[in-house]
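Below are structures written as structure tokens.
You will see chain A twice below: alongside chain B first, and alongside chain C after that.
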Partner chain A sequence: MQVSKEVLEGISLLGDVTVFQDDVFKQLLDLVFEEVFTPLACSKLLSVPVVSPMVLKKAHAAVVTFAFDAAKWNADNLSITSILEDCKLDSDRISNFLTLYDKNKTKMQSHLSNVGSYRPHIVDVDWTEHYVIKSSNLERISLPSYIISLKTESLGQDGSSNSDSTQFVCTLEQLQDLVGQLKDAVKSLERISQGQ
Partner chain B sequence: MEEVDHIITHTLKQLGCDIDDEVRRLHDFTTELVVEGVVRCLQQILPDKNLSSHVPPSMAAKYRLGSALAEACTELGYKGEIGYQTFLYSNDSELRKIFIFLIEKLPKEAEKVTDEPLGKSDLLNRAIAEELSRQLKLPWLPNYCKPNGLRWSSPNKWHREGCRGTHALHTCNLFVPRDITDSNSKVVQVSHCHFWVVTNLYLNPLFASSVYLDFIIISSHHAKKYFIIFMQDEKNIEVPVTGPALKKPDTEEDLKSRREEELKTLQSEVDELSRQLEQLELQMKQYNASLQQIGEQILCEEAKNKELEEIYKLRKRTFDLLPDADNNLKKLQEVVEASGQRLVVLARQWEKHRAPLIEQYRHLKELSSQRLSETQRKLEEIKSLREKMKDCADEARSKDDLYKQLLAEYERLTKDVNRSAYTRRIIEILANIKKQREEIDKVLIDTKAIQKEINQLSGKLDRTFTVTDELIFRDAKKDEAVRKAYKYLAALHENCSSLIQTVEETGTIIREIRDLEDQIEQESQKKVADNLERITADYKQMKQENSSLMTQLKA
Partner chain C sequence: MFLILDEEHKHHLNFFTTVEPQVAKEFCRISLEFLQNGSNAKVYQNVAQKLGSNLETVKHAVEGLMRVLSEACKLNLSEMELQDSLSILDLQEEIKQEIVRWYVDHTVELRSALSSLNMNLLQYSSLEWRFDVQIASRCLRQQVTPLIILKLDLCKDGKKQPVVLQTDPCNLVHLTETLEEALTEVKSQHTRRMMRNIK
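Then we have the complex of A and B:
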């Protein structure tokens, strides 16, 4: 896991006992892990009693970046401890950080998974079967035809999800083909899950 | 026989044949099943042979398939008689023999246990398989039950099903203050300058003329940096609009010019003062330097003074001693001799003292070096022990992992083959065979003994007969009764030999009967009548197909 120089400097500030006393350190850590999930908690940051706001800002930024990098890389406790020891934090501060990190790790990772581009997700399907008797081109067609409408949810421009639907028409053979391919996909998944 | 059938069906099921559970004996195998089984075995043994596992409907194709299978089996080395009829019109014992032969020929790697399950790709595949099977087991949820598109399963595990709440990557820079060299300094350092003049800030027409700026200059001698805090004196702000005019309201230009003049004078004063300060400081430095120099000179002079004093004292004493020169010389010589002797005595004493001390010193040095080497040895031992501990811990961990994986695999494997039952049966069968062999040997020994007896007896019989024959024939020429006896003897011999012959013939006939019965049984097993019916039906079908093909050709 690689951490940038500014983040390391910020964390070394955090380890300095003269700048951050123990209870202030704990308050900052709690705040960091809380505001990740509730953005309105940011305002509580101003109430942390530290000597200068620049130091607070730098340390806070460093801790947030480091915690999220660790969650992104799925770092184990050993590498985190070694990096924090390089920044000269003492062992109970490191253990505080690690307990909080372990508690919140899955939530952070699930939040990080929100970032990405995903295809629209099919949630529902509507189908109707029609029977075509004749059309303008042929005098007598007596064949069924199917209209399938797939309801999907997808990403909107601003991050909200909106539901769309995709419609298409197909004949019996095409529908059988589609169903056959879906079944093939299911079977191949099951085969992989059985380890072959 | 049932176990054999069971083993055969089980192996075929493992190879992938679709065998129903009711089919237990080879007797119940249909032709299609036979063909499928044989083809799958052949595919395992000879993977490049391309044989279809379905029985085609037309007779000619069936014949071709049968002969191809028979050829393949003969290629592999099957020693019995084999042809298309063994597959299409099968009987039990032949099928059994063929299947046993094929299953023996199956490549043994099909049953190996994976013996390197710890490769990284294997681990990854297994992890993927586990995760997928866990996800597949979960029931369907509608999309509004999944917060943010994530699906949480109980022990803190989640996976994504859906794309709610997702967004593209959006970055923003985080501005962090740099250059905090001394976190204890509370004010940002400003470069070397004397003061800060803020001219335009307060020259706003709203504020009246008498706004004064106070400057406080703090200088520190060490670093020559100036920390400047400027304050604003707010008492003198006047708003000309509101209050009644206490002075004459000057025009704006006058005010400006006056202010500028004042500023200039103040500036010049400040310049003067700072120049003076600089000069004074320079002078102070010079004085300090000269002070130091003079101090050093004083020290030098004092040292010289002391030396001269000593020389003077010495000279004075010799001068005093001069008037009484001879006596003093003798006294001085005695004093010199006495001091020389004293020196020798002292040296001897010192030697006496020195020797044991040196020995002690050497002894202690040896002890300390020994202790050093011991400590080094112990350190090395500790290091090696620690490495061994690490190795053992690693081995234990890897063995634990292996054990867990093998346990998981073992639980996954299906358990419908009971190996211990088979091994028990095999051992029982071996014991039976051993007993039977012993019995056969006994019977053979008995037979040999009986045969020997028969030979002995028949030999004896022949000899006695020739002897009696000669004896009686010699006497037969003279005596009538002896001739009769001779005739009776001959008849007796003939009858007995014919009896023996009949007994032997009965024996052979009984043996032939047994053989014929065996043959009958074998033939009846071949189901000849059934097969004959099927062959006639197939033959008729072939004829029909041929005729239809001919009509198609002609048409």
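Then we have the complex of A and C:
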């Protein structure tokens, strides 16, 4: 994991007890991790009592970047500690950071895993069975027919999830083919998961 | 069940009372081609020239025959039923048999063509799948995310439309189980009773 000079400078500010007293440090840290789940937490920053807004902004940006970068690389406590020590944070503050980081790591990582481009993800399926008797083009059909609707979810540009569906019809033979293919996929998945 | 031919249609088909069986056979072939690929003005012209007859007459004869074949398919007439329907026309026995034989030989093909006109919905054609494990992305390294990529080939008006979707193992199992239920439903008492009673 590589940390840029700006981030290191920002974190060093947090190590300075004259700039960030203990309670202010805690308040900032809480806000940083709250931000993962509520985007609007940022506005609460204004209520943090600190000497200069510029310093606050720099420190805040540095901690957010550092926390997410650590989650991105799945960094262990040892390497995080060594970086924070280099920035002259005392052991209390480091353990404070680590507690919050450990607590939120999984959530941050699932957040990160959603960033990127993915195909629509199938989450459910609906089906209806019909017995087709006749149509405008054909009398005496008398065959079953199915309408399958695959429910999908995809992530929009702004990170919101969009639901959609893919609908198609199939005959009994086509459905048998479809289910056969899917069963094949499930079987080979089971084989792989059992390490065979 | 019988094929009901209106007067104009009969008039068009009367052309076949004047030709040789060999010619009728050729017309059956042309009609089938018409049903498969659409009409071809050049073919009409060639045939009309060869027979020394009117272009309109040839066109009407082919279209009339085509209509007989497609209507018979639509009603799913049996061999006997078609023969009886045609007996109203004063056709030579050989020509009648020729038309019936063409019908019997191509019923399955024609019915599947007609059933594909059926609905404007996408029709399932085939499925391909691939099992992937995502091990890293720009935003998250060191992951092990199993993904199943599904490529569905769907057909509409004879054109293939591929749709690529993905899913995870849990949802794949759920999808498979749910569709299996749909498949077993066809063997259920309710479905079987419906199929038996509604003809």
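Rule of thumb we're sticking to: the second predicted complex is superposed on the first by the 138 of 196 C-alpha atoms of A that agree within 3 Å, B and C clash if a C-alpha of one lies under 4 Å from a C-alpha of the other, contacts with A are read in each partner's own complex, and residues count from 1 in each chain.
Definition applied: a contact is a pair of C-beta atoms (placed from the backbone, for glycine too) under 8 Å apart; a residue touches a chain by one contact, two chains touch by 3 or more.
Remember, it's a predicted structure, so these values are computed and weren't measured experimentally.
Visitor: Quick check on the superposed pair: does A:133 touch chain B, chain C, both, or neither? Answer first, second, both or neither.
Guide: In the superposition, A:133 contacts chain C only.
Visitor: In the overlay, answer first, second, both or neither for which of chain B and chain C A:148 touches.
Guide: Second partner only, chain C.
Visitor: Which partner does A:167 reach: the first (chain B), the second (chain C), both, or neither?
Guide: A:167: touches chain C, not chain B.
Visitor: When the two structures are overlaid on chain A, which partner does A:6 contact: first (chain B), second (chain C), both, or neither?
Guide: After superposing on A, A:6 lies in contact with chain B but is clear of chain C.
Visitor: Quick check on the superposed pair: does A:121 touch chain B, chain C, both, or neither? Answer first, second, both or neither.
Guide: After superposition on chain A, A:121 lies in contact with both partners, chain B and chain C.
Visitor: Where does A:113 make contact in the superposed view: on chain B (first), on chain C (second), on both, or on neither?
Guide: So A:113 meets both chain B and chain C here.
Visitor: Would you sort A:192 into first (chain B), second (chain C), both or neither based on which partner it touches?
Guide: It touches chain B and chain C both.
Visitor: Touch check for A:65: first (chain B), second (chain C), both, or neither?
Guide: first
Visitor: Classify the contacts of A:79 with the two partner chains as first (chain B alone), second (chain C alone), both, or neither.
Guide: It touches nothing on chain B or chain C.
Visitor: Which touches a greater number of chain A residues, chain B or chain C?
Guide: The partner that reaches more residues of chain A in the superposed model: C.
Visitor: Counting contacts the way the document defines them, which residues of chain A are shared by the two interfaces, the one with chain B and the one with chain C?
Guide: The overlap between the chain B and chain C interfaces on chain A comprises residues 113, 115-116, 118-121, 123, 189, 192-193.
Visitor: Can you list the residues on chain B that touch chain A in the complex?
Guide: Against chain A, the touching part of chain B is residues 125-126, 128-129, 132-133, 136, 142-143, 148-150, 156-158, 160-169, 174, 176-178, 180, 183, 186, 412.
Visitor: Quick check on the complex: what are the chain C residues that touch chain A?
Guide: 73-76, 111, 114-115, 117-119, 121-129, 131, 137-143, 145-146, 148-150, 152, 154, 163-169, 171-176, 178-183, 185-186, 191, 194-195, 198-199
Visitor: In their complex, what parts of chain A are in touch with chain C?
Guide: 71-74, 109, 112-113, 115-116, 118-125, 127, 129, 131, 133, 135, 137-142, 144, 146-148, 150, 152, 166-170, 172, 174-179, 181-186, 188-189, 192-193
Visitor: Can you list the residues on chain A that touch chain B in the complex?
Guide: 6, 10, 13, 16, 19, 51-52, 54-55, 57-58, 61-62, 65, 106, 110, 113-121, 123, 153-155, 159, 161, 189-190, 192-195
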